[in-house]
Amino acid sequence: MLSLLIFLPVLGALLCWLLPAGQARWVNLLANLATCVLAGMVAVEAAGSTSYRLEAQHAWIPAFYGISYHVGVDGFAVSLLLLTAFVSTLGVLASWNIEKSPKGYHAMYLLLLCGMLGVFCALDLFLFYLFWEVMLLPMYFLIGIWGGPRRQYASIKFFLYTLFGSVLLLAAVIMIVLKHQTWSIPELTAAAGTSGLLGGGAGGLALAAFLGMFIGFAIKIPAFPFHTWLPDAHVEAPTPISMILAGVLLKMGGYGMMRIAYPFFPEAAAGMGAVISALSVIAIVYGALVAMAQNDLKKMIAYSSVSHMGFVTLGLAAGTPEGLNGAHYMMLAHGTISAMLFMIVGVIYERAHHRDIDRFGGLAWAMPRYSVLASFAFFASLGLPGLSGFIAEITTFIGAFNGPYKLAALVSLLGVVFTAAYYLITLQKVYLGQTPPAYLDKAHYPDVSARELAVLVPLALVTLWMGVFPAMALDCYRDVLNGLASTLSAAHAAVVAR
Amino acid sequence: MSSLALSVPDLTPYLPPMIFGSLAAVVLVGAAMAALAPRIVHAAFALMACFFGVAGIYAMLGADFLALAQVIVYIGGILVLLVFGILLTGRLKGALGMEAATRAWPAILAGALLFLGLAVALEGSSFPGSTATPAAAEATTAALGRALLDPSEYLVPFELVSVLLLAALVGAAYLARRRRA
Amino acid sequence: MSLPLNAWLLLAAALFSVGVVTVLARRNAVAVLIGIELMLNAANINLVAFDRYGADGVRGQVFSVFVLAIAAAEAAVALAIILAVFDSRDRIDVDTIDSLKG
Amino acid sequence: MLTPALVLLLAPLAGFVIQYFAGRRLPRQGDWLTLLTIGTSLACAVSILLTALAEPVGFSHTVWSAAWMNPGAGDPWTVSITIDGLTAVMLFVVTLVAFLVHLFSVGYMHGDPKYWLFFAWLQMFSVSMLILVLAGNLLHLFIGWELVGLCSYKLIGFWSEKKAPGNASRKAFITTRIGDVGMLVAIMAIYAAVGSFEFPRIFAAAQQGLLSDGWMLVAALGVFFAAVGKSAQLPLHVWLPDAMEGPTPVSALIHAATMVAAGVYLVARMMPIFPPEALTVVAVVGGVTALMAGLIAVAQNDIKKVLAYSTVSQLGYMFLGLGCGAWHAGLFHLTTHAFFKALMFLGSGSVIHACHHEQDMRKMGGLLRKLPLTGITFGIGVLAIAGVPFLSGFYSKDAILAAAWHRFPVLFWLGLGSALLTAFYMTRLFVGTFLGKPKDQHVHDHAHEGPPTMTVPLLVLAVLSVVAGYGAWHTDLLAPPLGERAVGVIQRFDTVGDTAHFEHSGFVAMLATAAGALGLLLGLVVFRAISTAAKDALRRPLAPLEAACASKFWFDELYRDMFLRPAYALARLFSWSDGGVVDGAVNGAGALGRRGARVSGATDRHVVDGAVRGSGGLAWLLGGIASRLQGGRVRAYLGWSVAAVALFLVLRQVF
Amino acid sequence: MDLAALLPAILLTAGVLAVIVADLLGRGTSPGTPLTLAVGALLLAGWAAMHVPTDGRLVLGALRADRFGQVMTLLCCGVGVVSLLATTRGEALRKPGGEFLALVLVAVLGMSTLSMAVDLVTLYLAFEMVSIPSYVLVGMRRADRLANEASMKYVLFGSVSSGLMLFGLTWLVGLAGGTSLEALRAALANGAAEQPVFYVACALVLAGFSFKVSAVPFHFWAPDVYAGAPAAVGGFLAVASKAAGFAGLVRVMGSLDLAAPALEGAERLGRVWPKGSAFLGLLAAVAVLTMTVGNLAALRQREIKRLLAWSSIAHAGYLLLALSVWSQGALAAMLFYLVAYLFMNLAAFLLAGVMIRELGTGDVEAFRGLGRRVPWLGIAFAIVLFSLTGLPPLFGFVAKLQVFTAIFEQGYVWLGVIGLVNGAISLYYYARILSSMYLADPEGEVKVPRLSWADGLLALVLVAPVLVLGLWWGWILEWARAVVPVTLLGMGG
């Protein structure tokens, strides 16, 4: 079933290619809906599970340390699987009006989906890496062909950064595989125990490999100071791709950390905890400050992503159950909220053909529904209780403070203030104030269309639902991360004792 | 006579070094002129001298066939070819083969450096033959012929070189064939 | 008094170096070829000298016979190419033939 | 008590949802619906209050608790409803004022294009405030805490098509958010030590010493800092006066009666974790704020600004009370203040409504004849706040001063001074608005009393302002919850054992009354009796003080220069460097990017910067060198190659 | 007599003669015959190569008939066929004459011989047999100024390099007292390896091979020559000639007694530089330099053939890196990489030739909008370039994985990391081509190339394996391991 889930989009991509251009989007939508259904079925099976469900394993290249096609999901992975299917489906709706080579676009889109699903299902390091990289290619084209004016620059920058990350990841993977003679993630995790692979410990090879992996994943997250590709990529990417990028792609970094880097090298991770905490705090505060200085709405949101993803690494570095759960909750919450934010930017860009915060004003009266959704998203992102961002932030804060790096948690609270500041300033500049007469022209500035609502409202509902009833999403993956937390705390204790 | 004999030292043992020295001088001076003579024609003639010197060296080393081959192939073939080339390509210039002036010292420096590297290595090491005295000179032509056609020795390269020469012939002919009018 | 092996080898090395100097110092393509021939000759001196000192058989000389042949082939081809260049450019000054670069 | 509590909470929530999504299409834009829902809540609150009156002293019931989520390894985090005496009183106050404000708004907001939306947000505010009050644990409380902030933001900025309300709402939200950082610190510290947010467990832990002294102090100060933000105390008071840009009913409800009092409520709620040092801080901040805000209020001309600073001052009073350990006195003042300050705000709303949104009291005067009901009720409010005996303010203020007298004599004098000031500026306000000759005839001519929906609330509140003081006899209800245990915690800190102690301190009462009377008298004399020339003469020596007061002690300017501008500068600096330095230095895709940028016909200055700085730029340069070596001359090629070999051979052997 | 082992060589020689004769006789009447004959000869030779004895026997004292030689012969024949066909689709020499075909056949013969040579004379001869026809192939378009220039630079640079190598070889002969690699091995085992001359000779020999595989600092010729030659010839040189160079290098190194001291565990993984012998260290340095210089210089290129030239220099670096580790796994990985490189690079040069043919220029900027206008061409090029970059799931990635795993396996983590980072850098210039083809909006009229089914078919033959073998490569790995016996390394045999 997982294989079907992963490769259904490939089938869809082929269909997109074969069928007339006008039907590509329908194929895409259908494939995505089917993915949603399948992901839902998988979730029924695997939600909350700490063991891998729906496992499938076939020998693939036994000659090379036993590479196999091995997929399976636990509660942790399935939560991201659901997020992927959800955001991706809405992304199709957001890309309904793509006019430039629609066939290619939708085919690429589906290939991207395949890559994303694959990453979350793969239990074989080789397979994981394969999907991890495969995703880059469609993304490169999606940004590069269908993006904004500086798309060439942005796409190559995105590609190069992530490739540098992957290279380091690959180096670490090769070291691990050579030493442990297997590509199987579960086996390696078991072998790592609380000490770590490659001999374990907080130094030496284990540390080198951990750093390789960490940087590889940190670029994807993106963690400070590896984040500079993100604003450019976001600004140039078309709206749906921004949604996917922020909604799912960034989460792969976090997933990789929690699934691979941290479980493989708990002691090395514990040893680097202070550094990672510091970087996270910088990301949170710095990201928020930089966001505050932006005049491009999309760039501001991109930097807000940097800031928010800082919470992920902050929670991770703490290694407490609350920290990990909060970090992952942040990934899920940010996935939906940022997708919504980027859609909101897309909506106004379609009408105004610019994104300069200073040039907007008074949209609340010109496009009331749109503005309501926008402020909803803004408040969700700045962590208003009742919405998912709050749960994520508070849990992460608490988790971080419970961990060994209390100061980091305290300093990162500054981010809360700055975040509120830039969102409210933007809200005021763009949506409040006097409405210029131009905006009241319904022909050029219609309120959100039904299609746009169909994208925004589900995201808003999920945000609300995750904010009011967090237990359901949390319980889906909680036990897995609690397991990791106990490993990490044991590792931390061991490092401290040394 | 004996006193006379005594008074005239036997130069025989010194003959080989002396011959070697003169030949080496011919070779090296020829080569140096070939390297640095401003006129390319002079260089070609210096090269001839050098080739003769090398032939002499071969002869000294008892390689009679090679000495002959050197004269025939290098002087009779390659050198002629080169001169031919010089004449053909020099026809438009007023001064035959006069090269544009160039700074030679970087080249000399590089060559000196290379020689230094080689010479230091040579001085610091010994070959299996370094301690051996040279064998008595014999005619080598027959041995060479045998070696070239011996299936366990050099039959393969011998056959290959024929193909190679054919290829070179074909290639050179093709490139040089239809000349601009 | 017999000459040591190294004498021959040093002579060859010197000749080789002069060949290299020729290659590097001359702008005329044919002169560069002359340098190459010097280098090959130097190699041949080595081979013959080794043969003379200690080795049984004539392997070195055989090698040098092949070198001779290859030198001829190489010279022929190189000259043909130089002539072709001369055809299209009216010059064989290697320093002025630099259209391809970067 | 579960059912009334749930109904109490859910009714306005339903009201909000219906009103928000469908309000515009309902008859009368749904105002009746919201009145109905908030009325239901009021009824429930009354029933809870009555039930509570029958409970033993210090009762506390967790009537409902549900696991919310469990992100940790221990007990799940819950949402829970806890009811004790304090809650019951707060519920009553909140729902009552909310109801009256709803009612008032029917008249006040009549004709506003977003009439329905106003009620929707009033409903949401009520829900949030009730969540805050009913919360049985700190996290749950924090949710309500943040939500009231949101509603406050929305309501202050209700007319955000104008710039000032937009700015004010933003300032309010961000300033309180700064305070929230303290709350988060407290939450983190408490959870780290206790592993739970439940009040009983926190207090038990505090008593058992699970919370180390250092962390307890941090947590207490964090909580207090949050309260400082929410309750507009020094140094985070700057947002409240600006918040007066919101519609006046909002000011009455949120910025006088309920939300700003939430800070006091919070500190009272968390009292058991406050060590003496923290209480001292609370008292000092409260006392200083009370005096300073009073001073500023004297120099304000906008009626609402006067009231706003008065609110800040009164809140300071409450904190003073809390800080002195007079738990119930502070809360008692909270209650009475809610009534008379709401009364005065609504009264001012009535005036503003009558004067067509003119708020400057220098353009008013003599309105008593035009607006008799408003004037009289407002007068009652003034008397109550001034502490005239037998009105509510007298009792509560007296209790606080008594506590201060016992605990911090210095602060007592501060309090007394501010009591005098209160009476003084309130008299000024009343005199300037209602008495004397109309200063702007045009405004005066058109003034008229509002519809009954506006006057009825005034009447009700006036009555309450008078009688609420007698609730002092019921302050048992405001006795610390959780029974003796928590009382014990409070007693640990201080001299004050017997809460009744304060109320019967005749000396303090006398002084307080005298101060109030003096203030009233002074006000009357200065603003009513003497000539302008005399006033000017009186003013001259006080000019510097007046300038300081009029400019609000330059807090806004200070913050702008100390925090806002540097923050922006930093933001811009980072933003710039992010484009060039970080980008370039990290792995220099910037350099490569230059090429890409050129391809797309655009070059980015920072990217170029990055190109030079970054290692990518290095790659680019090295690539250029490799490419430049490839100059096209074969002789040069050979030279490099041979030289490399020769050099290698020599170096290898010589060294 | 082991004529069976020589059958491919004999067939190739016969092919040379047949082509020349057919060309002389049939000029004007049957212009296609020589091409058919040449392709036929290559195919026959390839077929024969599949049946040669591979037991490691010594053939005529000069050649080793083992699977390594067999495979290299096979590869070179294959590359020869593809290059000939690609020439007919390329931008120049669409109708290759008999001389061209004969020279290709001779070069293939030389490559095959080079990969089997165990005698220094044969080795040198084979080396020149690859070089001399190549000089001419590059300059085949006599009237073309650039082709002439390229050819001249190639011949001068090549001759000097081979002169350096020859001088080194003569010293090796002197050390060995004979010309066979076996004798050299024996002599080195007896202490000759300690002599400074040995090291100098090695360096000189390496210089020659560096020229052949276009390694730094003997890489200068490559960009100019590839740019001046027809794309298909460039591909032939970049793939076959380079492969033969590596094969010859492997043969020589196999006799140099390079076995590295074995280390265990963590100690091993901490190694920085190959320590087996000074030679390996030198090789590693050359490898690192080569890949870095190639990649960095490629960043600056705008012309596709030049860009591919620099990229092929970088790839030589990866291959050398594998060699510098000198283990069985690394050698198998190198072979694996060579196979992948063969498909990727031939395809790249083929497609480049097709595009230059149609557009009249190799400037990357001229490719604007091509990807979307001619989708199959774009996709094929994208696959090839991503594969060259080393992105999964393409053959190029697996090949890199093999190489770097082998390097890591011997403990040279840093070498591996340098290589990997280099791979990432290479993305930039490969992506530039794609960027131009896909991302850039065309300016003005886009010239839509007219492409025939033959172009497509040829591309398919080369590109499909890049994709398919990227996913199912286990068998190639096993095969590569089988082809590289320990004896080839000069160890244990």
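Order of writing sets the chain letters: A, B, C, D and E. Residues in each chain are counted from 1.
Please note the rule applied: a contact is a pair of C-beta atoms (placed from the backbone, for glycine too) under 8 Å apart; a residue touches a chain by one contact, two chains touch by 3 or more.
Just so it is clear, the structure is predicted and the values come from calculations on it, not from any experiment.
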*Within the chain touch network, how many edges lie on the shortest path between chain A and chain C?*
2
_Chains touching both chain B and chain C_ = D, E
*Which chain pair has the highest count of C-beta pairs that touch?*
B-C
_Distance-to-centre winner among chains (Cα means, whole assembly as reference)_ = A
_Among all chains, whose Cα centre is located farthest from the one for chain D?_
B
*Hey, how far is the Cα centre of chain A from the one of chain E, in Å?*
42
_Whole-Å separation of chain centres (CA-atom averages), chain A against chain B_ = 72
*Just how far, in Å, is the C-alpha centre of chain D from the one of chain C?*
93
*Quick one: report the Å distance separating chain D from chain E, using the average Cα coordinate of each chain.*
75
*What are the residues of chain B that contact at least two other chains?*
106-107, 110-111, 114, 117-118, 120-122, 124, 127-129, 153-154, 157, 161, 164, 167-168, 171-175
_Where in chain C do residues touch two or more of the other chains?_
9, 16, 19-20, 23-24, 27, 29, 32-33, 35, 44, 49-50, 54-55, 57, 59, 62, 66, 70, 73-74, 77, 80-82, 84, 87, 94-95, 97-102
*What are the residues of chain D that contact at least two other chains?*
592, 596, 599-600, 627, 630, 632, 634, 638-639, 642, 645, 648-649, 652-653
_Full enumeration of touching chain pairs_ = A-D, A-E, B-C, B-D, B-E, C-D, C-E, D-E
*So in the complex, which bits of chain A are touching chain E?*
60-64, 67, 101, 104, 129-130, 133-134, 136-137, 140-141, 144-145, 151-152, 155-156, 159-160, 163-164, 166-168, 170-171, 174-175, 177-179, 198-199, 204-205, 208
*Could you pull out which chain E residues touch chain B in their complex?*
1, 6, 13, 16, 20, 59-63, 97, 99, 102-103, 106, 109-110, 113, 119, 121-122, 125-126, 128-129, 132-133, 135-136, 139-140, 142, 174-175, 177, 187, 192, 195-200
*Name, in rising order, each residue of chain B that touches chain E in their complex.*
117-118, 120-122, 124-129, 150-157, 160-161, 163-164, 166-168, 170-175, 178
*Would you tell me which residues of chain E are touching chain A in their complex?*
266, 269-270, 372, 382, 386, 389, 391-393, 397, 401, 404-405, 408-409, 413, 416-417, 420-421, 423-424, 427-428, 431-432, 435, 438-440, 472-474, 477-478, 481
*Which positions of chain A touch chain D when the two form their complex?*
149-153, 156-157, 160-161, 164, 225-226, 228-229, 231, 286, 289-290, 292-294, 320-322, 325-326, 329, 362, 364-365, 379, 384-386, 390-391, 394-395, 397-402, 406, 409-410, 413-414, 416-418, 420-421, 424-425, 427-428, 432-435, 470-471, 474-475, 478, 482, 485-486
